[in-house]
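In what follows, subunit A forms one complex with subunit B and a second complex with subunit C.
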Partner chain A sequence: MSAPSAARAVLAVASNHLRMMSRTPFYLLMDLALPLLIAAVPMLLGRSFAGPGASSAFSANTGTNNPFLFMLLGSTQFVLVGGALFNVGSWVRRELQAGTLESVFATPNQRVTIVLGVCVYGLLKDLAILVVSLSVACLVLGARSFDLRVVAAIGWMVLGAIPTYAMAVAYAALVLQLREVSALTQLLQGATGLLMGVFFPVEILPKPLQVLAWCFPPTWSIHGMRSLLLGMSWRLGALERDLSVMLALAVIFPVLALLLFRRAEEKLLAAGGFGGL
Partner chain B sequence: MAEGIQLSVALAMTRKNLLVAFRYPVNVTCRVLGVAAIVPAYLLAVSCFMPGGVAGLTSTSAGRLLVGIVVYGFIIYQFSSDALWMIGFYLRQEQVEGTLEALYVTPANSLVYLFTRLIEPLALSSLNALMALVVGLGLFHLPVPEHGGLALFALLGAVLGIFGLSFGMAALSLLYFESAQAIAGGVQFALLTGCAMIYPFSALPPGARQLAQVIPLSYAVDLFRSALLCFPAGYPELASVRSELVVVALWGLVTPVLGIVSYRWAERRARALGLIGRF
Partner chain C sequence: MNAIIQVRELAKSYLVRERRGFFSFQNRRVHALTGVSFEVQQGEFFGLLGRNGAGKTTLLKCLTTLISPSSGSARVNGFDVGAQAAQVRASLGCMLAGERGLYWKLTGRENLAYFAALHGLRGARQRRAIERVSARLGLEEHLDRAVETYSSGQRMKVAVARALVHEAPILVLDEPTNALDVHAARDLRLLLAELCREGRTVLFSSHVLSEAEQLCDRVAIVDRGKIVAIDTPARLAGDQQQLGVLRLRGQFSERGVQAVRELPLVRRVRLDTSERGTVLSIASDNVQAAAGPVISALVALGSTVEDVELSAAKLEQAFLELTIEPDSSFEQRANASRLES
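The block that comes next holds the complex of A and B.
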C-alpha cells in the first residue's frame, strides 16, 4: 500500500471517529471540562489546609508556588493518557463485540493504519483538551504569565503523545488477546496517574516506583510541561537533555508497539482471526 | 403475573448479573486494584500541602483527620459513582446488542430488570470500599472507624437515594441514548465536588457551600464520615446529627420512588415513540 493511500486511510478513520464524536456533543464537553473537574478535588483538599503554612509547604514539597497550574497540568496529562488508552483499547473491544473488527481488518488497508487513524483522532481531541485547559489557566492567572511558553508546552505535549499513543497501540494488542479489558483500562488509568505524579512530584514516591515512573513517557511529558510553564527544574538539569530523552522515547516506543501489535496479529491469525468475542 | 414468579425471575436475573460481573476474575481484580492507585494519588496530593509532606500527613492529628475524610468520603463516592452510570450503561448496551426489546416482550416486570442490575454496583463498590479501607489503614494511618451503626444508616440512606438517581439516569438512557451516559458522568462529578465527597465542606467556596447544603446527599456524606471519625470538633459540618438523620432518611425513601416514577414515564414515552429497540 502506497504512503498517500495509507495517509488517506488514516485520515478517513480519524474523520469517521470525529463524526461519531459529533453525535454526542455533551461527551466532548465533558472531556474538555474533565481536567478542570479532576484538578478541583486536590485543589479543594489543599484549600482545606489553607492557612499560612499551606502555600509555603506546597512550595517546599513541589518546587512551585502555583498549585492551580501544577494540578491542572497534571490532570490534563492524566486525561490525555487515560484517553489514549481508552480510545484505542475500547475501540478494539467495541468492534470485537459488534463483530465488525474482522471486516475492518479485512479491507485492503494495513491493520496498523486503521489503529493509527484512531490515534490521530485521539491526538486531535487531546489538543483541544490541552488548549482549553491552558486557556482557562491563562484566564485565571493572567495571559502575561505565559507568552511563548504555552506554544512550547503544546509542542512538548505533541511530542509526548507519540510514545503515549505507542503505548496505546501496544495496549490494543493486549486487548486483542485478552478481550474483556474494561477494568484493566481503569486500573491502568489509575496506575498511570500514580506513576506520572498527576498531583504530586514523582520524587515523593518510594524509590522503586520512582525508577518505574521515569521509564514511563507520560512522566517526562508532564514534568517537561511543568518545567516550561512553572519554571520548575528539568529532570536532567537542562531542557536539551530532557528533550533528547523525549525524542528517544518517541522513537523507541512506537517501534516496540508496532512489534507487539504485529506479534498479536500473527497469533490471532494463527488462531483463527479477529472474529472471537 | 404472580408475585412468586416475579421473585424467581428476580433471582434468575440477579444470578445472571453476578455471573457476568464475576465471569472474569482478572477484570474484578483490576477494578479493585484500581482503588489502590486512586486513593494514594489523592492522599499524596494532600501531602503536598502539609509541612513535612507524607510524614506530616500521617503523623499529625489534622493530617490523619484529612486522611479519614478522603478515605471515608471515597467509600460513598464509590457507591454513588458505580450505581449512577452502570444501570443506564447496561440498559443502553442491551439496546445496542438488540436484547432489550426481547426482554420487554417477556412476562417479567421491567422494573425487576432495573432492580437486579443494582447487584453488580453493590458488590463491586463493597469490594472497592474494603480496598480503600485497607489502603488507608495500612499506608496512611487512617483513624479506626467508630459508630458503625450510625455510619451504616447514613451509607444505606445515601445508597438508596443514589439508586433512585440511577433509575432516573436509566430513564434518560431510554430517551437520549449515549448522551445520557455523558449526563451521568456530569452528575457524578457534580455530586463528587458539590457534596464535598473527598474533602471537608469547609474547603468549598461560600457559594458552593450553600449549593452543597441544598443537596440532600451532602448530609449523608457528612453524617457518614463524621460518625466514622467519632465526631471530631466541628463535625458534622452542615447540621446537627438529628437533622442530618432526618434528611438522610427522606433522601433514601423519596428518591427511589421518584426514580421509579420517572423510569415508568420514560418507558411509556419510549414505547410510544418506538425507541425501546433503537440502536
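The block that comes next holds the complex of A and C.
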C-alpha cells in the first residue's frame, strides 16, 4: 500500500471517529471540562488544609507560586493520558465486541494504519482539550497571560503525545490478546497519574518510583509544560536537553509499539482472529 | 475456466484454553480445518455447507486473511493469502459478522462511505458507488437514518451493501440470510444470483440447504474441518438417488440397528427421532434387494416396522448422509437426530 493511500486511510479512520464522537456530545463536554474540575479538587483541598499559607508551602516544594496552573497542567495531562488509553485500548475492545474490528481489518489497509487513524483522532481531541483548558485558565481565570509560551506548551504536549499514543498502541496490542480492558485501563490510569506527578512534583516520590517515573513519557511532557509556563527548572537543566529526550522518546516508543502491535497481530492471526468477544 | 480461488491442503489448528478449576486451565489443540483443497472458478457461485462448528467460518476467515492457516496454501484472485494479504483483501467484498459489523451510531450512508473510503473510493466515485448499491438494495429511503434505528433486515442489507460498495470481483458471505425474514432472504438470494450472472464470484457459507441448492453452481460439504464432498447440488443429490434410500418408520432396538448396519448391502444407516416418530434411513447400493433382509433383521431383534418408503433423495439427504458420524453409537445418533430436529 502506498504512503498516500495509507495517509488517506488514517484520515478516514480519524474522521469516522470524530463523526461518531459528534453523536455523543456529552463525552466531548466531559473531556473538555474534566481537567478544570479535577484541578479544582486539590486546590480546594490545599486551601482547606493549609489555609492562606498554602501557596508559599507549595511554592517552596515545587518552585512555582502558581499552584492552579501547576494542577491544571497535571490534570490536563492526566485526562490526555487516560484518553489515549481509552481511545485506543478501549476502542479495540469496543470494536472487537461490536464486530466492526473484523470488518475494518478486512479492508486492504495495513492494520496498524487503522490504529494510527484512531491515534490521530485522539490527538485532535487532546489538542482541543488542551487549548480549551489553557484558554479558560489564561483568558477567563487569569492564571497567566496567553502568549507564545502557551503556544510552545501546546507544541510540547503534541510532541509528548507521540510516545504517549505509542504506549496506548502497545496497550491496544495487550487488550487484543487479553480481551479485558475496563479494570486494566483504570489501573493504568491510576498508576500513570501517580508516576507523572499530576498534583505534585515527581521529586517527592520515593527514589525507585522516581526512576520509573522518568522512564515514562508523560512525566517529561508534563514537566516540560510546567517549565515553559511556570518557569520551573528543566529536568536536565536546559530546554535543549529535555527536548532531546522528548524527541528520542517520540522515536523509540512508536517503534517499540509498532513491533508489539505487529507481534500481537501475528499471534491473533495464528490463534483465532479478531472476531471473538 | 479460470480458478479465482485455489486452496491446497489448508489446515488450521489452534489452542483452546479450557478452565479446569478456579485458577487452573488446560490447553487443548483444536483442529478446525484439515487438508482442505478446492478451487472456485471465476464467476462461479460456490457454497460451503456444514453444520455449526464444521469449519466453514474458519475457512472463510483464512481466505479473507483474518486468520492465518497453520499449513497449506490459498490464493485468491491470484494473490497468496499469507504473503499478499492486502491484495487479497482488496479483491474481496466481505460480510462475515452480519449486522454486527456496522457502526450503529452512524447512518447507513456514513457506514457505506467509511468502508468505501477504506477501500480507496473518494469524492464523486464514492458518492456514485453508494447511490448505485443503495438503489440496488432498495436502501435509499433509510440511508440517512442511524443504523441503530433500522430493523434487523435493513441492517443486514447495509452489511451486504458494504460488501458490494467497492465492486470487488469476489464476494464472501458468511450465512448472509441469517436474521432475514422470508421476503428479505428471497430478495437477497435474487440479488446474489444476479451479481453472479454479472460475473462476480460468490463464495458463501450456509446451513440452509435449500438456499445452496437454489443458488450454487457447486457446493462443498464441510464436516469436522474436512471437505467430505464437492460437486454440483444436483449431482450430490443424484448420487444419493443412485444409492437408494430406504426409510422405515417404527420402533427400533439398538441391536436391530446394529444388525442392519452390518448387512452387506447397507452403506449407511441413520436414525432420526422427531415428534412424528422415529425414522431409520438406510442407504444401499441395491435398495430393492436390501429391503427384505433389513426388515427381517430388525423384526428378529425386537424392532417394529410401521411404514416403509423409498424417498427421492435431495441435497439435504446427501448432506445428512455425508455429515453423520459413521461409527457413533445408537444413543449418540438418536441424540444428534433429536438436536437436529
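The criterion applied here is as follows: the second predicted complex is superposed on the first by the 267 of 277 C-alpha atoms of A that agree within 3 Å, B and C clash if a C-alpha of one lies under 4 Å from a C-alpha of the other, contacts with A are read in each partner's own complex, and residues count from 1 in each chain.
Quick note on the criterion: a residue touches a chain if its C-beta (ideal position, glycine included) is under 8 Å from a C-beta of that chain, and two chains touch if they have at least 3 such contacts.
Given the structure is predicted, the values throughout are model-derived calculations rather than measurements.
Asker: Taking the superposition as given, does A:Arg241 touch the first partner, subunit B, the second, subunit C, both, or neither?
Answerer: After superposition on chain A, A:Arg241 lies in contact with neither partner.
Asker: Just subunit B (first), just subunit C (second), both, or neither: which does A:Pro42 touch?
Answerer: The answer is first: A:Pro42 touches subunit B but not subunit C.
Asker: Taking the superposition on A as described, I'd like to know which of subunit B and subunit C A:Ala191 touches: first, second, both or neither.
Answerer: Touch partner of A:Ala191: subunit B, not subunit C.
Asker: When the two structures are laid over each other on chain A, which of subunit B and subunit C touches more residues of subunit A?
Answerer: Between subunit B and subunit C, the winner on subunit A residue contacts is B.
Asker: With the two structures laid over each other on chain A, which partner does A:Leu269 touch: subunit B (first), subunit C (second), both, or neither?
Answerer: second
Asker: First (subunit B), second (subunit C), both or neither: which does A:Ala183 touch?
Answerer: Only subunit B is touched by A:Ala183; subunit C is not.
Asker: Of the two partner chains, subunit B (first) and subunit C (second), which one does A:Thr24 touch, if any: first, second, both, or neither?
Answerer: In the superposition, A:Thr24 touches subunit B and subunit C alike.
Asker: According to the stated criteria, A:Asn109 is in contact with first (subunit B), second (subunit C), both, or neither; which is it?
Answerer: Touch status of A:Asn109: second partner only.
Asker: Per the definitions at the top, what is the overlap between the subunit A residues touching subunit B and those touching subunit C?
Answerer: In subunit A, residues 23-24, 98 are touched by subunit B and also by subunit C.
Asker: Inside the complex, what are the residues of subunit A that reach subunit C?
Answerer: Within the complex, subunit A touches subunit C at residues 1, 5, 8-9, 12-13, 16, 19-20, 23-24, 98-100, 102-110, 266, 269-275.
Asker: Any idea which subunit B residues touch subunit A in the complex?
Answerer: Where subunit B meets subunit A, its residues are 24, 26-31, 33-38, 40-42, 44-54, 56, 62, 66, 70, 96-97, 178-179, 181-183, 185-186, 189, 192-193, 196, 198-200, 202-204.
Asker: Write out the stretch or stretches of subunit A touching subunit B in their complex.
Answerer: The touching residues are 23-24, 26-27, 29-30, 37, 40-42, 44-50, 53-54, 56-58, 60-62, 67, 71, 97-98, 178, 180-184, 186-187, 189-191, 193-194, 198-201, 204-205.
Asker: Which positions of subunit C touch subunit A when the two form their complex?
Answerer: Result: residues 14-15, 61, 64-68, 70, 86-87, 89-90, 92, 94, 96-98, 100-106, 110, 114-115, 117-120, 122, 146, 162 of subunit C touch subunit A.
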